[in-house]
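Taking it in order: structure first as structure tokens, then the write-up.
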Amino acid sequence: MLKVENLVKKFGGVTALDGISLTLPDRSILGVLGMNGSGKTTMLNCINGLYDATSGKITLDGVNLIGKAPHAVFSEGVGRTFQVPRIFPQMSLLENLSVALLNKGMSNAEIAEVSAYWLKKVELYRLRHNYAEELSGGQQKLLELARIMVANPKLVLLDEPFAGVNPSLALLLINIIREMPQEVGCSVLLVSHDLTSVYELSDNILVMHEGHVLAEGNAEAIQKNPDVIEAYLGA
Amino acid sequence: MNELLLQGLVNGIVVGLIYALIGVSLNVIFGVLRVVNFAHGEFIVLGAYGAYFAQAWLGLSPLLAMPLIFIVFGLMGYGLYFVLVKRLARSNDPEHASLLVMFGLSLVLGALMLLAFEADARSLNFTLDPPFLMFGNIILPTTKLLGLAVAVVVTGALAFFLYRTLPGKALRAIIMNRDAIQIVGVDLNHLSALTFGLGLGLAGITGILVSMIFPSFSPFIGQDYTLIGFIVIVLGGLGHPIGAVAGGILFGLAEQTAMVFFSGTVAMLLGFVLLIAVILIRPAGLFGVQNSR
Amino acid sequence: MHGVELSMENISVAYNGDITVLKDVALRAKPGEVTGIIGPNGAGKSTVLKTIFGLLSTKSGTISMGSRDITSLKAFQRALEGVSFVPQNRSAFAGLSVYDNLLLGCWPFRKDKARIDRAIEGIFERFPILKEKRSSLAGSMSGGQQRFLEIARALVTEPKVILLDEPTAMIAPKISKDIYALTRDLADQGATIILVDQNVRQCATISDRLYILELGRNKAEGSREDFATDGQLKEMVAEWMNYKIDV
Amino acid sequence: MTEQTQETREGTDVSLSASQGSTEKSSYIKFLIWGIVVAMIVAVFLPAPFFANNLSFLFYMMLWLTMATSFNFVAGMAGYMPFGYVAFYGVGAYATGVLYKTFGLPIPVALAGAAVAGIVIGLLVAPTLRLKGVYFGIVSLALAMAMKLVISLMPSEITGGSLGLILSAANDPVAAYYAMFIVLMGALAAGTWLTMSRLGTALRAIRDDSEAAEVVGVNVVATRLKAWIMATMFPALVGGVEAWYTNAIDLDSSFNLLVTAKSIVYAMAGGLGFLVGPIIGASALYGIDQLIWRHFPTLNLLILGVVIIALMLLLPRGIVGAFAQRFSRFRRFIP
Amino acid sequence: QEKIKIGMTISSSGNFALASQSGVRGVEIWVDEVNANGGLDVNGEKRLVELVKRDDRSDKQMVARVYEDLIANEDVDLLMAPFGSTLTAAAATVTERLDKFMVIWSAASDALYSQGFKNIVSATQMPVSRMPSAGLEAAAALGGKKVAIVNVDEPFPAGLADGAEAIAEQHGMEVVLKEDYPKGTKDFSLLLQKARAAGADVFFPTSYEGDLISMVRQMRQMNVNFPFSFMVYASTPQFIEIGDDAQYIYSHTNFHPTINWEVDAGLDREGFLAAYEKLFPDVSYEPDFQTVLAYGAGVIAGEIIENAESLDAADLKKAAMELSDKLTVLAGPYAIDETGKQLKMPFPVVQLQPGKGLVTVWPKEVAVAEPIYPIPGWDQRD
């Protein structure tokens, strides 16, 4: 279970996160909506250690994550994707996946096996020897997802997984994400502006606004919430 | 000792400003265009030779030669941009590619100067009268004061140009986004070439001033100036002329005051140590924006 | 705003000399209309826009504005001719203030102080948020605000042709709606607009004419009516909209 | 429909067909090619002292192969460009000289000392690894200058002062030649390990995108440090062996910037990031340098400069890099 | 008839380029002279001399390689050394290993001759430790009491500075400042002021031309005056060319119109000048002391070859020893010890005086003018 308490992040004079709290139970999906600049990406960055939080607490299954370097947070079982995919362009797809498994003490055969499994799952297996830079933008998003999934994470942070992805690939992504809590046993924090998929996938939805939580609830409640309509959805 | 220290401080500022001048012209090329001009020192030396021959053949005093050198070097820079620099933007690591091209150029220029001017050290036969001014017990050579004035004027003008005028802003915008600058209708290559020309023109002028202040020059000393230029920029922060001035003065002061107490070797070592210390504390330099890269 | 017809014929484009990305692509965009381009990732949509704007050189084919052949013009010259472009990736100058970004947008008429003031004033009226943030650095604004700035910067010159590459990707629904409304509005005022969008439904809704691109080739095209009536076209789009992104 | 998109990708992608049915073949072929290259190097250099009367040519060729290869460890594999690379070379030369001449230790021990000295200096300057791009390069250049000054400030009873050290008592060019051969083999082995091992995978990930690597569990600082240490050890050894070979050590040539410059140029000419890059680059350019020097003695620096410029403008990714780009379907076979 | 091949390197670039190129002209004059006379007389047959020149870029690595190449591939019979102690040391390790004889014309480091090299001979260059003696002797005689010695941190200047310190103390002068500075130093004003603040009346910087030129200019800019300033290279045409600021500076040279040794081998001054004029009409500078040293070394090499039983290194060295103290060339009298170190070839002191140009002022035996002491201050000149 991920627990964020009163998370604050300031950049100089700008307060990007102004006391965010949330809990994400195991095997569930939390959708995060919010206006551009409301602090969604910043929150992910704080959770996985890319930014040092100004104050607040973050724990995963009781283990403190604050102050840990990103690679240490990853070892705690937290994987994330980026808003703009960040793959290793000059490495093959298989190698891309193997990077996430370097410190897992797995044999080469084991690595090959999980890698193959996940590449098949995201339908990139046939391209496994290609360099990642040869993939289309949407495929890069899939690769990025597979790259964290091979490490069998407890918590997955997804930043705009559907942005710029063509409909068919998006459908594939949605299906994979939907199955993740059950199949892999992880929980998912899903940041996206794509309302349909957030509504469809999330067990619970959080709406952020100017660094704080504006509303929380299920899809229906959110859609009806006048604050959310005013601040985010538009009339 | 106190008097010597005072003189050291004054000297540090003056020499620092000359270092700054070297940095300022390099900063136009390196800080703004991101071309790692490893041949900068050679251009500076070439400027000194320009003044030398302008004096020998045309009877021009080095001061009068300045505008001439500026124009000639500016045109040369404009042309060289298209020959050497333009293609680099397409390489996958333009900064390091430019470093190597410019290193090659520095070899070529050094060799050409050697062929043309031979290996002898030369010196401009030029003195301002009176040769020095006394302020109490502090002596300031007139040539250094002149250099100081030019450094201040050039830096100010450049800062105004880059931060207050539209072409200056366009220029700074080039490294922020090469495609976008074309989107707003700027002729990227023309503007970049002008900038390169400006940088080399300033290098030429710097060469004249530097050779009046550090009197002797030969085809091989370019590297020293290149190194000083880079140190000044890295200390002060990429891109901003004021940064170069701060870096130059800091470096000059450290070196000259250390010289009061220690040998020149120790002083130079302390200069490098200062550079490394500053950079480790403020990785983008004194005036650099921390997330500039 | 007086648009002008923009057309491209038999356009082929390659990266690095040998990887051909566009093959014989043809396209025609009329003034006062939104011309939409849809297609899967990697189909070459962005490449089409970059080619129209002149950031990539063509292997063959012609691009014309009205009756004028602009194939050999460089990107900045096309900008001066009245083409403006909002690329898919970030293009605001992160280290310059909002105001300076707009000022640079006025480059084509940089000598005309009065016109610059008028143009920027006009923009501030249309985008109050930019006026509010006029002296903030562009890079310090959120993604959506930067998108606004980029679009605004493209509009200061009152361009004849506007190229928009996925203007609403990663943009909050509320702002997306505004952007689509603005797009429609600009077309209605007479501009020629080419819109590339992954959001097929929206694109199909506001476009007067729709092109489908696949594998660097024209796959289909038609007016809004065609897509409503022609069974085959309808099916093609329906297939696209199988997965519905809505706003 | 998803299937269909996959199919269509296949059409646009030139390199796709090559990958079909070649599960592990590519890395096998890669190994094979690399093995052949190494075998050729051994075949050329191992027996040479028995045939060639001009040892120096081959000795310096090995020297540059080693320098370029180990430069590739930091530049090609970790993405750093230390202009001050010569510092390690110089420190190695001096460590060897001082240990041998001043402290009377045998040459092999002195050389081991040089390697240690290189590593120690590498560790000392490790904090600069957090600098990026050209900043790192320039600071490392300043470090090299500082190192030279430090040595010049040391008592001349130890370092021989500004004259330097003359090791004529150790004169044994053939032994020094084989020492260089061993160092070269070590560098090639280290390169092989860096490329093929997990450390190599981590390094390449860091080079491609260090933040993304950090996020998927790579300890960027520790990994870079490992590559850095390897990259500092070899030039120190090379400097030591060279000192042994020429028997003369002095500040100017031990800290000559051309050493860095040539290491960079040779490595980049071949193609950074590939094992064979520095090999091809160093052999080709060193050969050219020799030809120029023989036939145009007074023009050599001029022509060398022109060659560098031409190379960077025409083949910015180096010989191997250009090949890999032009024939991208083969690049996975290039070691 | 098979030619005698003599190999050597020149520095086309780098620190030593200027001196090295000056030197090679001297060697070329000698070769030209020998060949014009039909060659050297080797065991009864006249053999022409061929000079095989290569470039070393002032680079020690290069030197080792080139000397090996010269011996192995060009099959040279003997070698002339490159310029300077550093390069010469590198070359010597090769010539010793491959057992070839090498004639040194400009390597003054004392340490070089204590390495046990068997086949080297410094034909014309005296060791650095003795070089400053004439200058400091003059300074002491004229009344100098406090000496400031500064040097660039390079082997030759550092050796001179160390020598100067010892010699100054021998002459009862106090060394009030001895300091080195790194190569690449551009500004000397503080160093000059330190010397002045230390109360020095004798300023003895040892460095290469460029630095010395800068120092003189900055002495004027900073109004720094010393009663006696001695600069090693102030006698070179390049230095004198900088104009009025060069006046009054003391220096030394072995080549000057007023220095005329009783030459018994090779050309005398006039002959040498005529040959230089003929061979190098385009070179903008007159011959300097490097040219003369190298020329003298050539002449002595020729004498050694003609007197040796064969061109083997050992025979040549034997002949060189036998000729010791028996020859005087343009550069002066020749005498060596068994390490190959030069024992004679003294350097008289000269001063650039207004109206007179460069004149010899010390030692008294060869002096043609009175030294001007103290050097007039900058504000007392017109």
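For reference, chains read A, B, C, D and E in written order, and residue numbers begin at 1 within each chain.
Methods note: contacts are C-beta pairs under 8 Å (C-beta built on N, C-alpha and C of every residue); 3 or more make two chains touch, one makes a residue touch a chain.
By chain, UniProt protein names: A, C = ABC transporter ATP-binding protein; B, D = Branched-chain amino acid ABC transporter permease.
From a predicted model like this one, the values you see are computed outputs, not experimental measurements.
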item	value
Path length in the contact graph (chain A to chain D, fewest steps)	1
Chain of greatest Cα-centre distance to chain D	C
Higher-contact pair (C-beta pairs counted), B-D versus A-C	B-D
For chain D paired with chain E, centre-to-centre distance based on mean C-alpha positions, whole Å	40
Inter-centroid spacing, chain E versus chain A (mean Cα positions, whole Å)	75
Interchain centroid distance [CA atoms averaged], chain C/chain D, Å	48
Distance between the centres, which are taken as Cα means, of chain E and chain B, whole angstrom	36
Residues of chain E whose C-beta touches two or more other chains	12-13, 15, 153, 180, 182
Multi-partner residues of chain C (each touching 2 or more other chains)	40, 42, 242
For chain B, residues contacting two or more additional chains	110-111, 227, 265, 268
Contact set on chain D toward chain B in their complex	81, 127-128, 130-135, 137-139, 141-143, 145-146, 149-150, 152-153, 257, 261, 264-265, 268, 298-299, 301-302, 304-309, 312-313, 316-317
Residue ranges of chain C touching chain A (in the complex, touch as defined)	39-42, 88-89, 140-145, 147, 166, 169-178, 198, 200, 240-247
Chain A residues touching chain C - in the complex, by the definition given at the top	14, 34-38, 83-84, 136-139, 160, 162-171, 174, 193-196, 231-234
Chain E residues touching chain B - in the complex, by the definition given at the top	12-15, 17-18, 21, 153, 179-182, 184-187, 189-191, 193-194, 197, 208-211, 213-214, 217-218, 220-223, 238, 242-243, 284-285, 378
Residue ranges of chain B in contact with chain D within the complex	30, 36, 84, 87-88, 90-92, 95-97, 99-101, 103-112, 115, 223, 227, 230-231, 234, 265-266, 268-269, 272-273, 275-276, 279-280, 283-284, 293
